Amino acid sequence: MDFADGALSAFRAVFASGLVLSSLYVMIAAGLALVWSTLGIFNFAHGAIMVIGAYVAWTVSIDLGLGQVAGLVAALAASALIGVAVNRLLVQPFLAQPNIILITVMTTLSGAFFLENSALLIWGPRIKQLEKIVDGNVFLAGTAISGHEAVIIVVAPLMMLALWAFLRFSWTGKAIRAVAQNREFAELSGIRPERMYAIAFAISAALAGFAGVMLGAIRFITPTLGADPLIKAMIVVILGGLGSIPGTILGAYLVGFGEAVSTYFLGAYWTQAMMFFVFILILVIRPNGLMGRE
Amino acid sequence: MTRTLVFPALFFGALALLPLMTDDSYVRHIAIIALLYAVVVSGWNITLGFGGVFNFAHLALFAIAAYATGILTKTYDWPSWTGIPVGIGASVIAALVVCLPVLRLRGIYVILVTFGFGQLCFQFVLNQRELTGGNFGFVRIPPLKLFDYSFRSDGGIGYYYVALLLLLITVVLIHRFVHSPFGWRVMALRENEPYAVARGIALARVRLSTFAFSAIFPGAAGAVYAQYVRSASPDMFGFSFLTIALSMLLLGGVGTIWGPIVGALVFSVFSELMTPLGPGRYLVTAVVIVAILRFFPKGLSGIPEAWQTWRKRAHAGRDVAPQP
Amino acid sequence: MPEPILNVDDLVTGYGRQPVLHGLSLSVLEGEALGLIGPNGHGKTTLFRTVSGLNRAWSGQIRFMGEDITGLSAAQIAERGLVHVPQGNRLFPQMSVEDCLDLGAFSPAKRDNGAATRDRVFAIFPRLAERRKQRCRTLSGGERQMVAIGCGLMGQPKLLILDEPTLGLSPRLKGELRDAIGAIIETGVQVLIVEQDPEFLRRLTTRQVYIEEGRVREDFDAGSLEHDKMMEMYFGLR
Amino acid sequence: MSLLTVSNVTKSFGALRALRGVSFDVHRGEVLGLAGPNGSGKSTLFNVLTKIPVGPDSGRVVLDGVDLSGLRPHQIVRQGLARIFQTETDFGALTVIQNVLVALPRGIGRDVRLYALNLLEDFGLADQADRPASEIGVFDRKKLMIATAMACAPRVLLLDEPAAGLSKPEVGAMAKLIKQINRQDVAIVVIEHVMPLLLDVSERLVVLDFGEVLAEGLPGEVVRDPKVIEAYLGSEAQAHA
Amino acid sequence: MFINKGLRRSVTGLAAVLAFAVPVAAQDKTVVLGVLGAFAGPFAADAVEGYNGAALAAKEINAAGGIDGFMFEVEKFDTKEMTPDAVLSAVERLKATDNLGAIVTPFGSLSGFEMDYVAEIGVPYMVAANSNQYRSIITEDPEFYKNTWSLAPSYDAYQTELPKVVNQMIESGSFAPENKTYAIIGSDNPYSMPIYEGLKKAMDADGWEMTFDDVVPPVEINDWRVMLSKIRENPPAVIINTEASSSNAAAFMNQFMEDPTDSLLFIQYAPSVPEFVDLTKENSTGVLYNMLGGPISAKVSDRTKEIGEKYAAEYGYDSSIYGYICYEMVYLYADLLKEVGDPSDYDAINATLAETDKEMVHGRVKFDPETHLSIQGDGYLPIQFYQIWEGDRVTIYPPVYATGDSRTPPWMAN
């Protein structure tokens, strides 16, 4: 086989692979980024909320046979509700405490264990499976990818764009940012911070639920489905930096393409360890992320 | 001075007699593990409680010590009594490595970097399958042996006393730490970093020493753990292990000598009692942790104080100023 | 005697267990502009924070336009038209001037008049109109102060509380700002101002109150805050 | 005879130029008052001198012949430049005497506790030595903060509003305390809004405005300087003066 | 020795409290069968199905009046987070259990380290997986581990049998390779690595030439495309993937099918998980996989059919391998108890267990005295090769159990 042709096809595959992975990470990280970049809360229950979203969608669309749309709607509603509960029970009561950072790490971790094991009790340990949104394959830069993944590639950046626009242009979005940037001044402006927290968490959790539904069609759904994506999302939002939705997008594409490129040159074997190494390195060099601010 | 010794003497005296009360190996096993956890969590309390640094690499130190002990005493045939020094050495070196990036970071970033360090170690253990046994774990670590006495004999009672001795040494060391200028410097940095620096406290040196000191305990406990259960597993780098230890620490109360010990012992027994609940026990644990954080932010060791405040308030009516 | 618009009665509050206000009483009468003066660290800012709901009152009562507002949240108090422009003007650093102002009229009832109020703010502070797209953190100190006051006006206040509006401003800017506040007062908004500069207060306010050690020490009638008195208070010189 | 020489120090935060080429000397054994309206850069100057959290953008600070630019914050303290903060600051979980002990340099001698007790005695805090610092009164916390600074064996002591929030009698006591410290051959730079105190203790006065030295000289003269009055009382005030 | 009475009371109290964690055995003629496993976390499905299978068998036996009046009670011994101390706690709970008859379990830990402790207790211990680990421990001192027996066979055949099956396909005409090349992907875990290395050796020995070789880490792999593109640069006749995670393997299957090469695809074990077909749908038609110690196809084995149907009727879904094997373990134990008569006579039961020679759901079980594993091979526990065809799992090897012929995968049809 011609070398140049081989290199080209490899390049295409790396590109397609990077794009699929990045979009996956964008989708998983979107909700996490919302509460992290605006409220500065790192929600370790994010992965577990994804799991619940996927299971609820499974119950409604497959078990009850009500179809994909109903499943998706139910999943979004259920996860948004959980998001509100997480905020109400695990975040709000602790906001006044001085070591809020450690405490919310602990409470959201507890929340994650609660949700994960609730899923185990409710749906059992056997793996479940959601229908793909679109069947068949699509060609991307000469490499085939599944239609479902193509949907993710298109939807994930749109999701981020919508999130960005929401924070940028809507009253509620601006108010959420205001609370994050200067809580007291926001209160004096007539904004109720608790309400903004609740809304931000609801949206964030709904995004997690959506990610769960999308992921549940290409991976098996198990109670621990959320663990790995959570760690990836964590890397993404940290790379992106506090206070920056565009940073999160950049972070996701860097991680995704970085993983694809590293898999090609270093092999899959060392890629994971590399990612953590680079993650730590970046945190040390730029503690506030690549596009982060104080 | 004598009065302050009464409680520790009773505590350790009772624990020293426990094997005479019951030879039930189940009770003994739970007790050994609980004592080792108490040592680990007490060590964590040094960085997290007294030092105020959100060090999430502490359990990784424990795992590193277990692996180091296992690998050197099994693969490289080092005598088993070198286990504890090896564990401490490995743990301290790893702690110094983690501390370097931590010196530059604040808040949540410290949590993330230290957690990331644990994950990096986890990846390393998986990648170095030949050395570490990969994701199945490292097995058949030689048990502790002193002269001709194997600690496995007599139903493992030797391990119980080793663990108890470790805890005793831990309490003594931490007590001395809390009452030493070094300890005060560590706490001063926690209380107000700029002010501490403005009083001539060398941030980097004190932080590095704090990490090194706190690493002694997971190092020793990790070594004994490895020699007792005769196995090390990559799960020791995982979330659930970390959460268990953190729950113990928060349950007991950070920044006190006895809080983490009480937390570790209570939590160990509590979690064992809940075994029949299956996955439901995680639900209970999660609720209990959140409730403790909510209502007793200082943990179990804060309950007497909370009780006194409550009584004072009940007596004094509205005289006590509310806290914002 | 007209009914006070704001009435603070025997207010005690502080931080942690440390009281800062020891039973402070104060009224803002209908139609007057009240100035507060006194040394740093003696409770002026604490008073404002408690009135606007940022701090909790330990005891005592705060009434605004006849309604007891003690214990209401800051947002609820702002909605009622008691708007506090805090000291330090950090604002929303990442937001544009325009967004920042808009958020000043966050409650739905005020949103409707938002555009009109904004035009008024721009009329008072023409410089803000030029910088409407600029991020707050890139503004100069004077401009930030204008935005802060502008935000307060966006809340369509009946009583506007200004905490050291001229902090760190040059004399020229101070003058500009004083004129602007004067213009605001003329539109019928009542003000309560803390200021270090007695001259500034004397020009703007109808009555001044001297606060020390968490209590009202002296009450001056309009214009009686004499230079010598100030020299004494400030420099201990006669 | 200059002990501390500050030459042409500048510091900016983004667009804000907080210090614009500040120069002055502190002489051995003197009390130098540092005045200026709120926001004129006084506290920033202290921060920059002690590098807490960071040093100046440019300019030189020399303490007794030693250039401080290469030193880290804790080394600057050990070199003999200690400061107190504007608000009462302490290590609340530590006892009063431990607050002092952590600040003591090594090599004081064998009985450090006795040394610390003597120091507390000077500040009238010895009877509270074993109470947690968080439990003592405001004035005592303020004195404790100065005591810990003294424990660092400073040659120049920077006091940032030592009288803020104090009652009149306490202000008087503070003035006495400052003079008493000064007698131990410690040069003092004091920022204060309570003018009577400042005028009482200072031998010389430096007035900052907008990050620049506006006036420097004997206190009685400086406060009558029209520029200073204007900076404090507003532009119209000079007409009355 | 003087001991304070109150102290003694409180300590015995603690012991009683601890003992409370252990369910109290009721009647005298109860035999407790323990299932050791993690009932939460990533391995929960294995533990739960092992438990379900065992519980189903016990229920049947009890319904039939028990064994000589002995009634079976199946109990969970939860290894929780699977950390070594949690596994040991579970072992200690077993040890303290009254009337403990035997342990029947898919596996007690991933490393098998619990064997040392179980051996000390002496209770009959039957496992259904992780043969490599158990073998490596047992062969050191088979006599010491006299109570530990594996109903799973040695996994060695995973390393050697593939070339034979491929050659058989070539002979039968369902596979016509252009050349003798292959690509292989290893998964870096102690289970897969020996198989990966063994397969390389076996393929090389059979004259195959390797065109691609990489190892993936034991984590979630969402994208195989880079690797697939490297494989496509030089399309081999056979692609071998030893990925153990069925979720990862399914992703591989789907992504391979996005642009398949003219290669036979073999994925070791992972496609045996029932849901693999759900995740891959028609994409999986044509893929080959194999399994050791799994039940014989229900199409040829009545036993499999019977257990499978009973299990599905009881629990509402199909059993995985562990449901079948743990079910069989309980019946095997019933045989032993009938013969020995005394459930507390561990030595006698272990000795009888060692002599087992019984036809079970996965073939004839007879133990190798050196390794305590079930003997593998024709006439004992077979290695079975399957080809998935439109959701059906067709056994194509060994011929005795075959339910159909191998076919040319659809992507290779032209």
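Letters are used for the chains, namely A, B, C, D and E, taken in the order the chains are written, and counting of residues starts over at 1 for each.
What we mean here is this: a contact is a pair of C-beta atoms (placed from the backbone, for glycine too) under 8 Å apart; a residue touches a chain by one contact, two chains touch by 3 or more.
Everything numeric in this text was worked out from a predicted model, so none of it was measured.
Asks: Keeping to the contact definition above, tell me which chains border both chain D and chain E.
Replies: B
Asks: Sort the chain pairs by how many C-beta pairs are in contact and tell me the top one.
Replies: Ranked by C-beta contact count, first place goes to B-E.
Asks: Averaging each chain's C-alpha atoms to get its centre, pick out the one most distant from chain B.
Replies: Relative to chain B, the chain whose C-alpha centre sits farthest away is C.
Asks: Could you put a whole-Å number on the gap between the CA centroids of chain A and chain C?
Replies: Between these chains, centre-to-centre, one finds 43 Å.
Asks: Find the geometric centre of each of chain B and chain C from their Cα atoms only, then give the gap between the two centres in Å, rounded to an integer.
Replies: It comes to 52 Å between the two C-alpha centres.
Asks: Between chain C and chain E, what is the separation of their C-alpha centroids in Å?
Replies: Centres of chain C and chain E (C-alpha means) sit 74 Å apart.
Asks: Got the chain A residues that touch at least 2 other chains?
Replies: Where chain A meets two or more other chains at a single residue, that happens at 117, 120, 269, 272-273.
Asks: Mind pulling the chain E residues that touch 2 or more other chains?
Replies: 39-41, 44, 188, 217, 219
Asks: Mind listing the chain C positions that touch chain D in their complex?
Replies: So the residues of chain C touching chain D come out as 18, 39-42, 137-138, 140-141, 164, 167-171, 174-175, 196-200, 203, 213, 227, 230, 234-237.
Asks: Enumerate the contact residues on chain E facing chain B in the complex.
Replies: Residues 1, 3, 7-8, 11-12, 14-15, 17-23, 39-41, 44, 76, 78, 80-85, 87-89, 92-93, 95-96, 109-113, 116, 130, 133, 137, 188-191, 193, 217-219 of chain E touch chain B in their complex.
Asks: Using the touch rule from the top, collect the residues of chain D that touch chain C in their complex.
Replies: Interface residues on the chain D side: 14-16, 37-40, 138, 161, 164-165, 167, 193-196, 199, 210, 223, 230-237, 240-241.
Asks: List the residues on chain B that touch chain D in their complex, please.
Replies: 181, 184-185, 187-188, 190-192, 194-203, 255
Asks: For chain E, which residues count as touching chain A in their complex?
Replies: Residues 39-42, 44-45, 47-48, 188, 214-217, 219-223, 225-230, 232-234, 246-247, 250-251, 254-255, 258-259, 273, 275, 278-279, 317 of chain E touch chain A in their complex.
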